[in-house]
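Same chain, two partners: chain A is paired with chain B first, then with chain C.
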Partner chain A sequence: MLRELWESLTDALQGLGAVVHFLFRLVANSPRALMRFDLISQQIFNSGALSLVIIMLSGLFVGMVLGLQGYELLERFGSEEALGTAAAIGLVKELGPVVTALLFAGRAGTALASELGLMRATDQISAMEMMAVDPILRVVVPRFLGGVIAMPLLAAIFSVIGIYGAQLVGVQIMGVDSGSFWSQMRASVGHADINEGIVKSLVFGVACSLIAVFQGYYATPTAEGVGRATTRTVVTSAVVILFLDYLLTAAFL
Partner chain B sequence: MGPSGTGKTTLLRLITGQVQADSGTIEVAGENLRALSRANLYVLRRRMGMLFQNGALLTDLSVFENVAFPLREHTDLPERLIRQLVLTKLQAVGLRGAALLMPAELSGGMSRRVALARAIVMDPELLIYDEPFVGLDPISLGVILRLIRRLNDTLGITSIVVSHDVKEISSVADRVFLLSGGKVVASGTPQELKSYPSETVKQFIDGLADGPVPFHFPAPDYFGELLSRGEIL
Partner chain C sequence: MQKSRTLNLGTGTFVLLGFAALFFLTTQTTSRGLSFLSPPHYDVTAKFDNIGDLKVGSPVSMSGVEIGRVVKIDFDESEYKAVVLLRLNARYNMIPVDSDASIYTQGLLGGKFIGLTAGGADTYLKDKDQIDFTQSAFVLENLIGQVLANFTKAKSDSSTPAATDAKPADPKATDKPKATEKVK
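Moving on to the complex of A and B:
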C-alpha cells in the first residue's frame, strides 16, 4: 500500500520533471522558431481563430448569466448600479481567463494533441528527423507559441463579449441605468485588475499549450494512444488551470 | 530479410541514428554514429533518404509541397528551381499529374511513390526502404519494385531494403542478409541463399510452417493441460 503510494508519487514527479524539461527545450528553441513567423501565425490561426466561435458564444452566455445573477444579488442591497463593476471584475480577473482556458483546452488543446499524436503514429515525426529537420523546431514550438499568443487574445475577447452580455441582460432587460453601469465600471476597474487577467491568461496559455504538445508529441504511436493523449490533455489541463488559478489569485491579493 | 520481430527495423533505426546502440559501434559513410553530435548527425542524414512503411507524408501539405519540403527547409533555392526539381522527381515516380493532390487522396502505392520522390529530392547517396512492399496490390508492388532497382542504377546510389518478401527481394537485390533472432544467419546473392545449407534459412526462403521457428508458441504439454482442471484459466 505504502509502496504503491510511493511509486505513484515518484511516477508523478518524474512526469512533472519530463514536462518541465520539455518546456525548457521549447523555450530554448523559441528564438529560432520566431525567425519563421509565418509558421507561428498559421498556428495562431489554428488555435485562436478556429476557437473564436465557441469562445464568443460562451462569453456571451457567461456574461448574460452574470448579469442575471449579479442583478438578483445586488438588488437585495439596493446597489444594482454596481452590476457593471461586478460583471467586469468577475470577467476580467476570473471568468475570462479560466473559462477561456478550459474551452481552449477542449477545442485547441485536443486538436494539437491529436494532430501531433497522429504525426507520431504515422511516422511523420520520424520522417522529419530523417530529412534532418528538427520536429521540435519545425512542428512543436510553432504550435506551442501559437497557443501561448492566442490564449490571452481569446481571453480578452471573452471578457469584452461577456461584459456586453451582462449589459444586455442588466441594462436592456432588467432596467439598470446604462450611465451608472458604464461609469461605475470605468471608475472602479483599474490597471491592476486588467493586469491580473492578462498574467493569468498568459500563464494558462503556456500551461494548456505545453500540456497539449507534450501529450501529443509523446503519445503512444497507436490509435488508442492518440485517443488517450487527447483525453489526458483535457483532464490535466482542467486540473492544472484551476490549481494555477488559485495560486495566482492568492499571489495577486 | 528476416522473419517478423528479428530486429530488421531496429537495425534500420540504428543505421539512421534514430536509436543509439547499447554497445558496439556503427559506421555510416565512415562516420561513427555514436561520436556524432546531433548537428553532425543531421548533416549526415542529408546524405540519406528513407522511405517509411506507409510513406509518412506530411498530411497537411500537398504532394508537391511534400516533395519540396526538404528543399525549402535546407536550401534557399529560387521558387522556379524548386518547381523544376520537384516536377522532375515526381515525373521519375510517375506522379507529376498528382502534384496538387493531398496525401489523403492517394492510394497506398501512390503515397509510397510520393514519399520516394521526397526521399530522392536532396540527391542522397544512400536510400533506405522500410518494408516497402507491405499491403500493396500486385500492380503497385511491381511499380515500387521496378522503381527501387531503376533509381538505384540511374542515380548510382546504395539502397538498403528491409523486407520479408522473399520473391520480391530475390528479384531486385544484389546481396541479401538474412537476420534471425537479432543475428545475421546467412548472406550472399539471392541464388546463393536458395541453396544455403541451413535449416533456418531454408525455412524462411521456402516459407515452411514448422522448423527452427516452431509453429507452436511455447506451451505446457497439450494433453496434460486438456485433462487438468484448468486452474490457470
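Moving on to the complex of A and C:
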C-alpha cells in the first residue's frame, strides 16, 4: 500500500517536472518561432477567432445574469446605482479571465490536444523528425504562442460584452439610471483592477495552452490515448485555472 | 490563396476586436482615462484636522462640478494635521484665495470628496498656494458617540429635564414610520 502511494507520488512529481521541462523548451524556442509569424497568426485564428462566438455569447449571458442578480441584491440595500461597479469589477477581475479560460480550455485546448495527439498517432511528428524539421519549433510552439496571445484578448472581449449585458438588463429592463450606472463604474474601477484582469488572463492563457500542447504532444499514439489526452486537458486545465485564480487573487489583494 | 486571405481577415478582425476591448476597459470603465493626456493643472494644499476616509483620487468639486482631484495625502507632524494636495484643472483659475474647503460624503455611506466654496477676495489661488479655511470630515462614529453620551446623560438626570433632551430623539421616531412606508 505504502509502496503504491510512494509510486503515485513520484509519478505525479515526475509529470510536473516533465511539464516544467516542456515549458522551458517552448520558451527557449519561442524567439525563433516568432520569425515565422504566419504560423502563429494561423494559430491565433484557430484558437482565438474561432472561439469568438462562444466567448461573446457566454459573456453576454454571464453579464445579463450578473445584472439581474446584482440588481436583486443591491436593491435590498437601496443602492441599485452601484450595479455598474459591481458588474464591472466582477467581470474584469474574476469572471472575465476565469470563465474565458474555462471556455478556452474546452473550445481551443481540446482542439489543440486532439490535433497534436492525432499527429503523434499517425506518425506525422516522427516523419517531421526524420526530415530534420523540429516538430516543437514547427508545430508546438506556434500553437502555444497563439493560445497565449489569444487568451487575454478573448478575456477582454468577454468582459466588455458582459458589461454591456449587465447594462442591458440593469438599465434597459430594470430601470437603473444609465448615467449613474456608468459614472459609478468609472469612479470606482481603477487601473489596478484592469491590470489584475490582464495578468490573470495572460497567466491562464499560458497554463491552458501549455497543458493542451503537453497532453497532445505526449499522448499515447492510439485512438484511446488521444481521447484520454483531450479529457485530461479539460480536467487539468479547469483545476489549474481555479487554483491559479486563488493564488493570483491573494497575491493582488 | 483565397483561403489564406479569409484566414488573415479573421485573425485581423479578432485581434482588432481584442485590442478595442482592452482599450475600452482601460479608458471607459476607469476614471483616469488616458492619464498621459492629463490637462494643464495647478496644485494647492489644504490642512485638515481629520480627513476621514478621503483617499488619493477623490474628486474636488465646486458647486457640484468636478474641478480637480486629490493627488497626495500627508501628515504634518508639527501641527498634527492632515495635509492634502489638490490638483485643480488650469481652466478654473479664478478661485478666490479665501475660499473654504470642506470634506463631504457622497450619498449616505459613499466615499468622501472635497467641496470648495468660493470666498470674496480679489486675488485668486495660484500653484503651491494653501487654502486656510477648512472644515474636517464628518465622522459618523463621533456623532454616534455624542448621541450616546446625550442619552446616557439624559437617563442619569432626573425625569423632568429629560423632556428637553428627548427632543432630538423625537424626529427620529417620526422618521421611522416614514421610512418603512417608502419601502412599501
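In this section, the second predicted complex is superposed on the first by the 253 of 253 C-alpha atoms of A that agree within 3 Å, B and C clash if a C-alpha of one lies under 4 Å from a C-alpha of the other, contacts with A are read in each partner's own complex, and residues count from 1 in each chain.
Assume a residue touches a chain if its C-beta (ideal position, glycine included) is under 8 Å from a C-beta of that chain, and two chains touch if they have at least 3 such contacts.
Keep in mind the model is a prediction, meaning the values are calculated, not measured.
J.: Overlaying the two complexes on chain A, which is it for chain B and chain C: clash or fit?
T.: Here chain B and chain C can both sit on chain A without a clash.
J.: Looking at the overlay, does A:138 come into contact with chain B only (first), chain C only (second), both, or neither?
T.: first
J.: Go through the superposed model and pick first if A:76 touches only chain B, second if only chain C, both, or neither.
T.: In the superposed model, A:76 contacts neither chain B nor chain C.
J.: Spot which of chain B and chain C makes contact with more residues of chain A, would you?
T.: The partner with more contacted residues on chain A is C.
J.: In the overlaid three-chain picture, which partner chain does A:118 touch, first (chain B) or second (chain C), both, or neither?
T.: A:118 sits against chain B, while chain C stays out of touch.
J.: With the C-alpha centre of chain A at the apex, what angle separates the C-alpha centres of chain B and chain C, reported to the nearest 10°?
T.: Taking chain A as the apex, chain B and chain C sit 160 degrees apart.
J.: So, A:186: does it touch chain B (first), chain C (second), both, or neither?
T.: Once the two structures are laid over each other on A, A:186 reaches chain C alone.
J.: In the superposed arrangement, does A:44 touch chain B (first), chain C (second), both or neither?
T.: After superposition on chain A, A:44 lies in contact with chain C alone.
J.: Considering only the touch criterion stated at the top, classify A:157 as touching first (chain B), second (chain C), both, or neither.
T.: After superposing on A, A:157 lies in contact with chain C but is clear of chain B.
J.: Nearest CA pair across chain B and chain C in the overlay: distance in Å?
T.: Least C-alpha distance after superposition: 12 Å.
J.: Would you pull the chain C residues touching chain A in the complex into a rising list?
T.: Listed in rising order, the residues are 7-8, 10-11, 13-15, 17-19, 21-22, 24-26, 28-32, 57, 59, 107, 111.
J.: Which residues of chain B touch chain A in the complex?
T.: Interface residues on the chain B side: 16, 18, 42-43, 45-46, 48-50, 52-54, 56-59, 69-70, 73-74, 115, 118, 122.
J.: Where on chain A does chain C make contact in their complex?
T.: Contacts found on chain A: 41-42, 44-45, 48-50, 52, 79, 88, 92, 150, 152-154, 156-157, 159-160, 163, 185-187, 189-191, 193-194, 197-198.
J.: In their complex, what parts of chain A are in touch with chain B?
T.: Counting only chain A, the residues touching chain B are 118-119, 122-124, 126-134, 138.
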